[in-house]
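Encoded as structure tokens, the structure appears first; notes follow it.
Think of it as A, B, C and D in the order they're written, each chain with its own count starting at 1.
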């Protein structure tokens, strides 16, 4: 699709060397080395508090890189973390939706903010099954799973080049999880790259083509590499 | 990096240095001279009497309170523009000192006003805008001292510091217009602007020098204190990173 | 920038239309303040009529504090700040949009409050042009300074107490200016009011510029 | 107006007392916090 950069770009989508990210004074990332090539689906795994969420937020340009190198989609995050933001889609624990507005209003607002086509809004709503009655319901009245779907609709309407999904399966029913996997595969087929963290290991291992273990704020060599594993350098 | 080559000799654990000690002695000498000239040698004023002696400390304090505000705004601007942590500390240190000076100015102004006007407080333009200045400075300090992330505190307080002088100018202007609409001219004619000369002028001059020395001495010490506080915040980052990495060490 | 501002303003106003917080809570609060003034000051003497401009603007100022708190409360969830930063919206546009939305709500509130004052305090209303221009300029000043200081206080545990401390001293010139200009208009001597409008215009411009440049760095903190 | 020495003394006491108290507080805080920071980070000493 048109949103991808030149296909054979020599620059990997993600390139981190010794990246440090601080939350206050706590080094949530303590020197991460990581390379991710385009059109990969990479699964992050690790215990709670290992640094998965911070890694995803750092890749989105939301957490400043306090040390080391970090280049995402060709943008140097140390120099200008803002430049990458409109090109990534982050699905986090918090939805970022306005409770008082309807599903349709929310998706339209965030999509227009990113400069998306109105047709993409309709397509996203339809794709997530939100085009019917739910469209005019205020987000505050939705179930957790329906909010998740709304967030996903906002995300796909923006057509990001890099998808960063933090526990995308959480709170969804079977059908919803299947839908997430389908959307991820479609996005990669269209040229995007996906990094996700999940506790649904069985499901995610089928989906991902590399697995990366995060522990203690760094990337560990994987003890049991998945097929085509793109494990980060050990430190 | 953290190896200590030499242990600090006892007695060096302070924000003092040879320069500040010299400055401190000069400031004390200046204050003594100010007391001599201001309280003993200079004559009482023809119209104000002995009360004029308050002005020898009041007026210089007001001047340096304003200088402190200017430093805060300049420091905040340099911090926002050049990311200069040094200037940020200058802004913080001078804001705190300016707050102390402004409080002194307000209280001495009220004490001066009691015998001069017969009341402690009148809604005089100068007095009112000084009170507003104190509130603005307290707002800056409240944000700078928030129990929040260092980055959050410095950035937010710098924006307030940047707007400090523009705010003071607008507040002064509005208060001035406000009072001149309902002017009671006798109040202002008796004010600080009255002409002074001779030993009285010299005493005021000594006052500027002495208070200026105190201001400079305080600024250096307060700056170093703020710098130490920052160092304390930064200390241990390397250790924290090492500790963080060891969390994930396979056991 | 303007496109982003309109998008944000539209979103905030739509949110207000759906939630009606300003209409159902802030407006009654403002009217309540007017009634409380009548309790505090003897309504039979002419104090209320004489003090109408000041009481009116005090009521507006306190209501503006509530409106501003509300304006930032809707962006207060953590996901929201992230979403705004990821959205690609120009921070200056976000600032202007917030200012526009707050201004629009305050102008409606001021109009209704004006009716309230005329009825409750039986004040005679004259000098329409000066009154209208003063309201617009003062509202822009309050909204611009309030939005900038609102984001300074946003995301902090102490925001409810910090915002009034930061904002009210700064808005003192606006209170003085709008009150004097209203007095001039009601006394039939509008020429005394225009310099105040000029001063408030400078104030509003200062804060719009400061907000356009300052909003980006402030939004950046994680 | 010669009976106004009380005001003069009060004002001077406030100036000298205020500045003195603030100075002492700053110095003492500086001493206590200096001990917690390694000396090579104190460039002035």
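Here is the rule we use: a residue touches a chain if its C-beta (ideal position, glycine included) is under 8 Å from a C-beta of that chain, and two chains touch if they have at least 3 such contacts.
Just so we're clear, the structure is a prediction, and the values are computed from it rather than from any experiment.
Enquirer: By C-alpha centroid distance to the whole-protein centroid, which chain wins?
Expert: C
Enquirer: Any chance you could check whether B-D or B-C wins on number of contacting C-beta pairs?
Expert: Contact tally favours B-D.
Enquirer: How many angstrom between the C-alpha centroids of chain D and chain B?
Expert: Measuring from centre to centre gives 12 Å for this pair.
Enquirer: Report, in whole Å, the distance between the mean C-alpha point of chain B and the mean C-alpha point of chain C.
Expert: 32
Enquirer: From the C-alpha centre of chain A to that of chain C, how far is it in Å?
Expert: 39
Enquirer: What are the residues of chain B that contact at least two other chains?
Expert: Residue numbers touching two or more other chains: 149.
Enquirer: Identify all positions of chain C at which a residue touches two or more other chains, and write them in rising order.
Expert: 220
Enquirer: Where in chain D do residues touch at least two different other chains?
Expert: Touching at least two other chains: none.
Enquirer: Quick one: which chain pairs are touching?
Expert: Taking the chains two at a time, the touching pairs are A-B, A-C, B-C, B-D.
Enquirer: Using the touch rule from the top, collect the residues of chain A that touch chain B in their complex.
Expert: Residue list for chain A touching chain B: 20, 22, 24-28, 30-31, 46, 49-50, 214-218, 220, 235.
Enquirer: With touch defined as at the start, can you tell me which chain B residues reach chain C in the complex?
Expert: On the chain B side, the touching residues are 80, 132, 135-136, 138-139, 142-143, 146, 148-149, 151-152, 155-156, 159-160, 162-163, 166-167, 170-171, 173-175, 177-178, 181.
Enquirer: So in the complex, the part of chain C that touches chain B is made up of which residues?
Expert: Its residues touching chain B are 148, 152, 155-156, 158, 162, 165-166, 169-170, 172-173, 176-177, 180, 192, 195-196, 199, 202-203, 206, 210, 214, 217-218, 220-221.
Enquirer: Considering only the defined contacts, which chain A positions touch chain C in the complex?
Expert: Result: residues 23, 57, 60-64, 82, 85-86, 88-90, 92-98, 100-102, 105, 109-110, 112-115, 138 of chain A touch chain C.
Enquirer: Mind pulling up the chain C residues that touch chain A in the complex?
Expert: By the definition above, chain C touches chain A via 4, 7, 11, 14-15, 18-19, 74, 77-80, 82-83, 85-89, 220, 222.
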